[in-house]
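Here come two complexes built around subunit A, the first alongside subunit B, the second alongside subunit C.
For the complex of A and B:
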């Protein structure tokens, strides 16, 4: 990316900025539908960013990775989550642990903290900005997970954490070796499937997917 | 290429289990496959112990990996052998409708996949694949944890998957940062551990420090180091007993092994001080957290789960004290704890099968009902608490000695205090289970006779290693110590 034309730089910055916005969208949406949509949009944006990074000089494995990201994380996984949601018939997150305004404000705070933290150890550069961005997404994903009760939202939080790692890997080392990236994607798909099945089980044994039911094991 | 056979053998067995038509047949296939895997592990390990590291495309087995692979394969074989009674019990409880032949296939298949993933952790040379394999252990064991299908086990499985996946996400970040440090130091685009170990002195110390911290916290979640341990008592207590034995005896060691690989790189770059401090701090915290929960515990398996946290703490403290004896003791303790904890989980499982309860106060006078199992259980409990004739005493003593020699007097004293209190707690619970008279009139007899042979072997090993250290094992441990201390790699 060091001697890429300016417009590519700007495209990557623009796309990742939009991805950050979509993380905040996930934090602020009340219906689970929109939370999943926000994740899908984020994945597509990051996939496009990866395509832009891979264009100049042409790095085939990053281009392939970008395409796979768009197809799997932007398409297949959201589709699967929609299926799960339809079957358990849950639409809204009525009473989260942390209210929506507080959740958004906390998210802004986390973003500031992670940018400041990365700035303090790394100079301003493509790598530094990418790492800060990745760390922010990871923290926002975690924040989504702790703030919500619905199992589906927690799963999306985990997926946003994964997107954060994707950004960090892309911006620091231009991705892992291709075979490792494929392994990671495979793990992610299996993980989402396992989570989907577990959501069904939670629904069938508690008649709800509120994870605050899951607090009987203590001591 | 024959190294690839090691992780492949369980996968093949899993496929065969999927084809089985009767429970007995599936069980036999699984036992056969596990014993074959164990033999293969022993064969490959003996090559790695005697000569230079065994390598294959992407795989690497030095003495340390071979040692771990043997522990994993042995525990897995004994867990599979004793599984039949437990799954049959589940089947009887669930009834015909809820528990078809497919449940048998799923149980034995996943158990094999889980074993395969753990073996892959021990032999992979690529840090990216190390992460993938550790996550694969979570995913393959998730439904084993939730196998019982009660509300509690669903809860345990959910927490297990979510917390472990989030936790080891940080390990992936650590891997990426190490990758970055490696690229800057002139490493190629590969993620081979051997090249990092060789390059370590040339890497940027700041980045390596960051990489180690993230990796250790991530894999530490999986190892059950406090304060990232919160999923562990739930998962270990809700899983079927053979699975708990594997989770606690083998999986925890695999996660520690992953941290050890980063520890070796970090030691090469920063000297032993930095990562040792991490081990010492988290180890002592784990010990401290285990104490109260063990004392007031009411549930058999949660008792054993908290004891796992204690022993991860002990191993971690040993690595933290460092030096030859601290590391030697920690590595020996991995084996000892694996044996003792499997023995306890499996015997405790036999007892609670017969009594139909996991509650400690429901179970009394097991000695009259299950004489052999109870004796094994009591001996296992004594071994676990580090009483002299058993080998855990030896490894704990070494660790303690290393602590005092290296001037960690306060940590050493704290270690003694915690271990002593836990000794009293576990012994109190164990004697109340074994002694007395059973409340209900239960017919004497062993419910799970097939499991007694591996259990007796474990006990023999625990006593044998306590009074006599065989020269080959000593040689292996010395090789492992040299690897952990960064004396030999690649």
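For the complex of A and C:
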């Protein structure tokens, strides 16, 4: 990526910045469908960014990874989550732990913290910016998980954390070895399936998917 | 080129905006009508409305103080003065030496202040309700507006509107960064709130419970009403001009002379047309927000502007 043409560089920067904005979109949306859509958009944007990174010089495993990201994270996983949503018939995050304006402003604060932290150990470069952005996405995902009650939103938070790891790996090492990436994607699919089943079980025991109900199970 | 002619071209810019403002309003209304399968009034209708109101007798409430008569003049002159700080076709503004974009923000706040006073002054219940709502919206919109304008200012290293616009135009293809896009979206959302457009306030309704801007100016009539309407049209055009020149960095003339003004007028017209189309599509495809959701809406605009500002200046978001 160091001697890539300017427009390609610009495209990568634009796509990843939009991916960061879609993490903020997931933080600001009230309806669960929109949260899942924001995740899907983020995954597609990151997949496109990976395609652009792998274009010059041509790295086939990054191109394959970009395509897989778009198909699996942008298509299959959101589709599965939509299916789960259809069956549990719950649409809105009614009373989150952290309010919407507060969680947005907190998210901006987290972005500042992670950029400042990475800046203090790494010079301003492609790798440094990528690591800072990966860290920001991980923190935003965690922020989404602790701020909301619904199991679906928390699952999306976990998936955003995974996208953060993807960005960090892409920018520091130009993608991990193919077998590791495939393993990660497969893990993610299994994880989402398990979360889907879990959401069903929570729904059938409590007629709600608020995870704070789970604390009632303590003996 | 004679310097006198160039100065004349620079000073002509705010008057171009003034002439254009009712046309912009007419185009938005016509496009909205067409999108709703209505025929709609012609695009020149706002001019005739203004002329009709200017000729009509003015009726002022008996309980009103002299402030009521003073409000339309104050509102119009502050809005028109704000136009003198903005580059339209040339990379210079007539009073750019005297005030920057911060002055612009507060010149736009001044009409709201006076209109809110006017709303309270007339002694009708609607006026006070409209004033309090308008003040709530404007206090939430102001930080977002300043942050969005600073996104453009950081690149130029100057808070002057003309400097920011010419810096954006000079670095046109390389300027297409995330900061520009985020600043554009944030300023567009703020413009919807500031000009009383649809997700925040419906400009076409006089329904008691929903109107904001219209409730405030309900007691004005005749010449006062014409001036207030003209200043709100001018405000919309001013916001669209800011969007076109600061965040769509093409077509602003690079030199200050009338010949390049004619060239950039064509591109400015295209950009303005595109923005008018976007505005009418957005207005047609959204429902009005509940009043207490408006701060959330403007909070999103503020966060977007803040992210744009950070990515432009401090952080460089993205890879």
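Note that in this section the second predicted complex is superposed on the first by the 216 of 219 C-alpha atoms of A that agree within 3 Å, B and C clash if a C-alpha of one lies under 4 Å from a C-alpha of the other, contacts with A are read in each partner's own complex, and residues count from 1 in each chain.
Keep this in mind: a residue touches a chain if its C-beta (ideal position, glycine included) is under 8 Å from a C-beta of that chain, and two chains touch if they have at least 3 such contacts.
The structure displayed is predicted, hence computed values, not measured ones.
After superposition onto subunit A, partners subunit B and subunit C are found to sit side by side with no clash. After overlaying the two complexes on the shared chain, residue contacts for A:146 are found with neither subunit B nor subunit C.
Looking at the shared chain after the overlay, A:49 reaches subunit C, while subunit B stays out of its contact range.
In the superposition on chain A, contact is made by A:112 with subunit C only, not with subunit B. Residue contacts after overlaying the shared chain place A:207 against neither subunit B nor subunit C. Of the two partner chains, subunit C is the only one touched by A:16; subunit B is not. Contact with subunit C, but none with subunit B, is seen for A:28 once the two complexes are overlaid on the shared chain. In the superposition on chain A, A:129 makes contact with subunit C only, not with subunit B. For subunit A, the partner that touches more of its residues is B, with subunit B and subunit C as the two candidates. In the superposed pair of complexes, A:76 makes contact with neither subunit B nor subunit C.
Across the superposed structures, the minimum distance from subunit B to subunit C, using CA atoms, reads 17 Å. Across the interface of their complex, subunit A is touched by residues 174, 176-178, 181-182, 295-296, 299-300, 303-304, 306-307, 310-311, 314-319 of subunit C. Contact residues on subunit A toward subunit C in their complex (touch as defined above): 6, 10, 12-18, 20-21, 24, 28, 49, 53, 100-101, 104-105, 107-108, 111-112, 115, 124, 126, 129-130, 132-133, 167, 171.
Contact residues on subunit A toward subunit B in their complex (touch as defined above): 121, 127, 134, 138, 142, 145, 151, 154, 158, 161-162, 165, 168-169, 172-173, 176-177, 180, 183-184, 186-187, 190-191, 194-195, 197-198, 201-202, 205-206, 211, 213-217, 219.
Interface residues of subunit B facing subunit A in the complex, by the touch rule stated above, are 126, 128-129, 131-132, 135-136, 139, 142-143, 146, 149-152, 154-159, 161-162, 165-166, 169, 172-173, 176-177, 179-180, 183, 189-191, 206, 210, 233-234, 237-238, 293, 296-298, 302.
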